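There are two complexes below, and they share subunit A, which is joined by subunit B in the first and by subunit C in the second.
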Partner chain A sequence: MTNTAISGKGRQAGKSARPGTFSLLLNNTLATAGLIILIAVCLLALAAPVLPLLNPDVTAPANRLLPVFSTGHLLGTDHLGRDLLSRLIWGTRVSLAVGVSATIIAAVFGSMLGLVAGYAGGRTDTVIMRGIDMVMAFPYILLALAIVAVLGPGLLNALYAIALVNIPFFARNIRGITLGLSRREFVDAARLSGKSPAQILFVEILPNVLPVIVITMSTTVGWMILETAGLSFLGLGAQPPQADLGSMLGEGRKILFTAPHVSIVPGVMIFVLVMAINLLGDGVRDILDPRLRAGSLTRPVARTVVLRNPADVPAPSGDENILDVRRLRTEFQIGGTVYHAVGGVDLALRQGECLGIVGESGSGKSLTAMSIMGLVPTPPGRIAGGAAYLEGEDLFAASDRRIRDLRGGSVAYVFQDPLSTLHPLFTVGNQLEEAIRTHQPLSRARTREKAIELLSLVRIPNPKERLTTYPHELSGGMRQRVCIAMALANDARVLIADEPTTALDVTVQSQILTLMNGLRRERNAAILFITHDFGVVSAICDRIAVMYAGRIVETGKTDDILASPQHPYTAKLIECVPVLGEPERRLDAIDGRPPVVNNLPEGCAFADRCPQAQSLCRTGEIELVAAGADRGVRCLFPMNREPSA
Partner chain B sequence: MNDGREKTSGEDTLLTISDVERIFGGERRLFGGRAPAVHAVQSLSLSVRKGETLGVVGESGCGKSTLARLVVGLDDPTSGEIVFDGENLTDLARKDGNSLARKVQYVFQDPVASLNPRKTIRTILEAPLKHLTDLDKDGREKRLTELLQAVNLAPEFLERYPHEFSGGQAQRIGIARALAAGPELIVLDEPVSALDVSVQAQVLNLLDGLKKTFGLTYIFISHDLSVVESVCDRVAVMYFGRIAELGPARNVFGTPMHPYTDLLMRSAPAPGRHVLMAEDASAELPDPYNPPAGCAFAARCNRKTGACLDNLPAPDQAPGPDSGHIAACYHPLIEA
Partner chain C sequence: MGAYIAKRLLAAIPVLFGLTIIVFLIMAMIPGDPATAILGSYATPENVAKLNRDLGLDKSLPEQYVIWLGNLFQGDLGRSYSLNRPVLDEVLERFSATLILAGTALVLCSVFGLLAGIVSAVRQYGWADKIITLLVLMGISTPSFFLGLLLILVFAVKLRLFPASGMYAIYGGGDLPDLIHHLTLPALTLSVVATGVVARLTRTAMLEVLRQDYIRTARAKGLPEREVIYKHAFKSALVSVVPVIGIQAGFVIGGAVYIETVFQWPGIGSMLVKAIATRDLLLVQGGVLVVAAAYVLFNLLADVVQTLIDPRLR
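This part shows the complex of A and B:
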């Protein structure tokens, strides 16, 4: 389900709301500054032939070492009387050209090697990468020196040397990405579409690697300019009388104390240029990085922001409920669009009870569950209204400190993917003990004992030995058991389980369900169980709430709902699931798709897909109407209703 | 070991897999010795008849996907032979991969990941038409329209990018791509596991319709027993790289013979079923690097005897009461 959900998010966040690459760049002040400086320097360098500059190579011994701001020589002259301003601009032109060309050469050859090595794999990969390793084994500048020593000094040779020593850097980066991409399913698909390896590499993979190549180039071009300057400084690059920034610096070195401006002028230029390029490069990297792109550039806070009208906080519905969620509304703001992901949800959970939340992907099941303890990332999420009471305490009004104590204490979560909860670098024992210690001050030995108890509680064989294993050494089912053990570490009153068995095999799933069922009986904990599978619901839930487009459309006892669904959506949802032992049953698909929650239609959100829809369904607000004990339906024309009920 | 092969090889058999094995790892190391080897698929024999849907079920890691990749030529068997329509498939793939791709196609589990994020749907669907058929530009255009119609997508979707599609729509595109070159056999590797139940039903119904329209043969891989039961004619239950039970879907699900099939069936949740059979947590899965000598299921089996631990049961150790129903077990739940 995760993938559909992700694609859903991408689609909704789509073009309209998401700012473009360039405007994101302009948002970053430092990167913009870098960009402006770089453009200015480039324009200056490009314009060198048309600017009214003196000839940079004409010597005038009479005017040696004129200071800055001398008439006719704005930046003074060097030890041979050459105009420093002119040399600076021409020199910058050379340095930029060499740096950029070296980057392009390194990028082309390095990426090519990386692409081939990553895609071909096996022996080809080994040979190429060992070669690269050998190049990398030499200290960087030493290798460049050696190459120039062999080829002879000169600007062009320096360029080759710099390019060559940078090839491994590109090759390694690109190989890693290519390796990942060539295992992706779309590459297999291209192969089955009859594409040749070369076509796959250059038509399918290369476009996906390009952003990484651009990032790598933008972050290395500054270094390459610096390295070229280094070689020229040592006299191995630009040869007299030609000026480049490095050779100017080298010439100024001998007279650093008598005429410091001769070296300071090119030094400042190198600093400004490299700084500008690196600032811009970092900005470019931040923007092309897909993780930063998807969200906003601000870091989410540790708890969801609550922006509700204090005058309109609903009261708890009764005191026998351990968890009582009232009119919960959670929204997302992306750009100028507001998504009403949870649109007024009421839930009540009694002691020892298991309530299932069922619905399609994107119906708001997970967000409802995460809102309770403020786990929805802000930005872009926020709680826009309603209340959640834990044993009478208003969670949305509680202090951050209190929420931290409750999380993993009275209220514990179990997620679909155990690996996202468990840290890969710590042993199971460490993590369990940590979970216990943050909430209870126990001695080391007692904590360990408790950890062992917990592992045997979730029926892990040889709990003592398992304490020292790492999460990756356990099977998926075992990992999920460890997560449940962690959730139970502090005698949770409420366990919120978000599709805890979806990623597991059926035999393991049945073990986990049986385990959770037993635990709630033994410990009298309440479970909020999120799933999309009616079979799983039957096995564990006493009551269910069916969600559609951010609202509960039907709620009631599990058996009642399964036997006689009253909301047309519930009925359809049950009908489209194949049932073991009934192969002849026709699968009745629901046409169409759920509505996008930024622009819900008036009236019933299901109307476009509902076979029973009438014109009345498309107007006004449809309330969740009680229909017998524990039963509620949000529909004007419910089904399966006996006249007496 | 070939005795596991069914006696159907004569009549309309489209694909025959004989004694196929796929070992990962195990290559010689630089300093002597061998890398540890995993037998992903072991002495597996199976045949697929023209026009049927053969289901393959089993838990994660049992070798389902490896088998699928072998059949479409994305991977080569370490030993054994796969014959498609009278031709050796491995040779065919080696000689000319495209001629195999014309006859056998694949639908992937993750619909979104199987579409290149930087290509439009048109480019994606045109690729097989360009490389596998000799249609000219107009012919391709016509075929594209037909394909979209077949999978029930609007023509304007052609110019869009994969991320703009929901999982169900993306899977339709994946199916259209598989259909493009007019294959005879389509391997569907968990085609609906990533989809929502309502969308799953849409895709299953679509697959059913396409099969009838184009006279296709399916190999349908899934871990969901109820889905397999509802779409398949015959079923192979895999455990630890081998076939545990094989037979008509009606028989395998109605009267399972192998204890593993029985365990799967009793573990599967179903609406209205309150109690699930739960195995003891200590039940050990066999170590793939160090497979047991006897029946791989023995550690989890409550019917095992000494014989089970010593020798591997043959694929057709237990012939069922109905023809074509076999199980690799010494003590099946029902005897013939």
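This part shows the complex of A and C:
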């Protein structure tokens, strides 16, 4: 799906269907809320000495356990009659200070270890990282407890313990990045210029690592506040009369049943503080994570969305066609930009025929094939117009249920890379039997038999044993045979093969082609064969449609086109094929790149790369003009026209 | 497969040894002279020297370690002075209670975390996804000890649905329904953070997997969407979620320290807190060692499960 030429950032145009826009906004709102709360809490904590607060440590037994909203005590008082609001703000101050200090200590020491290990490599790296692994083999909180046990309870000791157990986390993160950086050119250059390792580490590498350190700090500071509060809650952190939020909660717990507000007040504060930090951290991470920004981590739905004008559905072109694609338009919407990946394609496939769709990466050939059964991922893809008829049935109007029955039943696909298209965690037999079971209600034993038959049909030796193997245990050629067997499981009338031989080496490629050709003749199935390789085309296809920038630029019988290509693009593509026995022949890559399909030029899309282009080529709409039986070309100045086919 | 498990078990041995070294070193680094601490500051130098000899503290650190390790292999973790009983007995007794609590929490976090993550991914950007995402964020931001107190207030004090503390009722308890009754609140509290982490990760893993080519293949085969998600996608997502559940085992066992204190659960966590307060260091040592070893084994288990799911790892 990636071979559509999509690049560049588009202008924001109207309403965006990108899932990110609304959600990113929501995320950002939450992140903004987190930031505001965090700043407010920090300011309050910093301003504690100048605020008109009662002394947090003055006890007043007469006023003990006053409820919330008492006069003079907004949040009430605790069991010693101390003002809770004042204690809360002073406690927050302590908790924040301890959490942030622990984060800084962990960041400094962890980053140092990571920098040294990543830069020095070799034995230093091994020793440091083994030590880190050992420490990480402990449950985190337990190690902190053990350290406090040794140092004795106390706020400062709790701080050290929490900082210490977080060092490995920083060390690991920073080491990974340093390792990558230390192999980069600018570090080599610094080394050659005679700088000392310390200079290189601090002057060259550290500035590049700093953002990662900051991000890691922002994700851990919430944890550290929670954990130090936890130790204080257990009575191992802050000791009276000093109080942080955790120890306030710990003290309140003893009178939970009689005066719950004494524990709820500090508890809510910890929650608000940590939640604000997490909201902010998540927001920042979402914005920094490029995968989320590109909307690429969206879940494609089961079937491509069809958004065509119901009043403008083209009729099928003839009865003899088993598959009839009419004026198909498939688009991608990414951000506010619409990419017209397939811009009005007509294809017709007859019984037992093999039609090749040829073009460079990004020409829209795969998308054309995927659109037929609704396999283009939505979002961001959608079918924007046209129709596809399977034996007269409009596929874009069919129900989901009907499409499911047809997929793998009447229309089967073989994809490019058999390693990624077979499920890595299921056996070959399991996947094959599943394909059969989905469309044929056979008994278990019969399904298995059929799976073995299919494997022998595609000439896989020892088919019975192969059923229990996993895809990664097979060679590339064998895997593709399995894929073909799967496509043949239900006697499909149309086989759509999307570059089925591209990932394979040349000998295997020709074996697979021979196999497919044989199966087509045996079973009288129609094949839609997508490829970028004219060499492959000549081996199997009866007819060809050449695609460029989402449109068909030339179509005709394979032999005719190979003998006398009329579109300059076709001619260029044919020139790209190496010919055995002609080592002197120059292989011309086509200069330039295909145009980006969000902003196609007027006139011929190929004009910029075409040696014959004239000014007329860059104006108006250029039609696909018939040039004899089964032949058409979208060019104002076609080549090889003399014999008039 | 058997060979793989054996290999993993062997690889765990050095880690376990590393744990004993760290635990031993932490205890050896305690400031002050234990003999003086035990005998008090008026002890004669001769008595201190004699006690040091008796305790084996006059030997070098490596020698002390070897002796300590030898005792460990014989099941001798020393004697708790505050409880006046062998450390091992106390630790094992307490550990079984922790295992019940942490094990239940781990099951809860796996089930709810996976379910929430799948729903979140399948309904991406829908209301269910937004609500789950917000709940997850709140869950991982709430201090578990505070949540425990709130649950006690609501469900034990106000609604009187569950007991506020303990593992069994004092009178007439002791059977399984009684245990479950006591277990519900602490196990739920303990599972909240881990559930959030697992749900987050499952969501991301599912979204990654649903974009894979083999998912398109499953759809091209004509499989119902239900099977595509719960069979094809879920199995792949599980490969990356299982190790995280293993890591969560560490957080759950560690977090049990708070929960056991809040709910007065007679587990190893509440034992450790008391032992630290009374500076019963041999008890701390034994407890830390057993829990850390259990964590290593939990991770080993997660490794094995992951390998069972993913044939490529074998």
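Quick note on the criterion: the second predicted complex is superposed on the first by the 454 of 645 C-alpha atoms of A that agree within 3 Å, B and C clash if a C-alpha of one lies under 4 Å from a C-alpha of the other, contacts with A are read in each partner's own complex, and residues count from 1 in each chain.
Simple rule for what comes next: contacts are C-beta pairs under 8 Å (C-beta built on N, C-alpha and C of every residue); 3 or more make two chains touch, one makes a residue touch a chain.
Everything quoted here is computed from the prediction, not taken from an experiment.
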Contacts of A:Glu393 with subunit B and subunit C, given as first, second, both or neither: neither
Subunit B versus subunit C as contact partner of A:Ser510, first or second or both or neither: first
Subunit B versus subunit C as contact partner of A:Ser475, first or second or both or neither: first
First (subunit B), second (subunit C), both or neither touched by A:Tyr140: second
Subunit B versus subunit C as contact partner of A:Asp630, first or second or both or neither: neither
Partner chain(s) touched by A:Phe186 [first = subunit B, second = subunit C, both, neither]: first
Partner chain(s) touched by A:Val150 [first = subunit B, second = subunit C, both, neither]: second
First, second, both or neither for A:Asp491, with subunit B first and subunit C second: neither
Which superposed partner A:Glu465 touches (first subunit B, second subunit C, both, neither): neither
Of all residues in subunit A, those that touch subunit B in their complex: 1, 3-4, 6-8, 10-11, 14, 184-186, 188-195, 204, 207-208, 360-361, 459-461, 475-476, 481, 505-511, 513-515, 532-539, 559, 562-563, 572-574, 576-583, 585, 587-591, 593
Touch list for subunit C against partner subunit A, complex: 15, 18-19, 21-23, 26-27, 29-30, 121-122, 124-125, 130, 137-138, 140-143, 145-146, 149-150, 152-153, 157, 204, 206-208, 210-214, 216-225, 228, 232, 235-236, 239, 250-251, 253-255, 257-258, 261-262, 272-273, 275-277, 279, 281, 284, 288, 291-292, 295-296, 309-312
Of subunit A, residues touching subunit C in the complex: 19, 22-23, 26, 133-135, 137-143, 145-150, 152-153, 222, 226, 229-230, 233-236, 246, 249, 253, 256-257, 260, 263-264, 267, 270-271, 274-275, 278-279, 282, 296-300, 302-303, 373, 375, 377, 404-409, 412-413, 415, 417, 420-426, 434-435, 438-439, 470, 472, 483, 486
Residue ranges of subunit B in contact with subunit A within the complex: 59-60, 72, 74, 97-98, 101, 105-106, 108-119, 127-128, 130-132, 163-168, 170, 174, 177-178, 180-181, 194-202, 204-205, 223-227, 229-230, 249-250, 253, 263-279, 281-282, 285
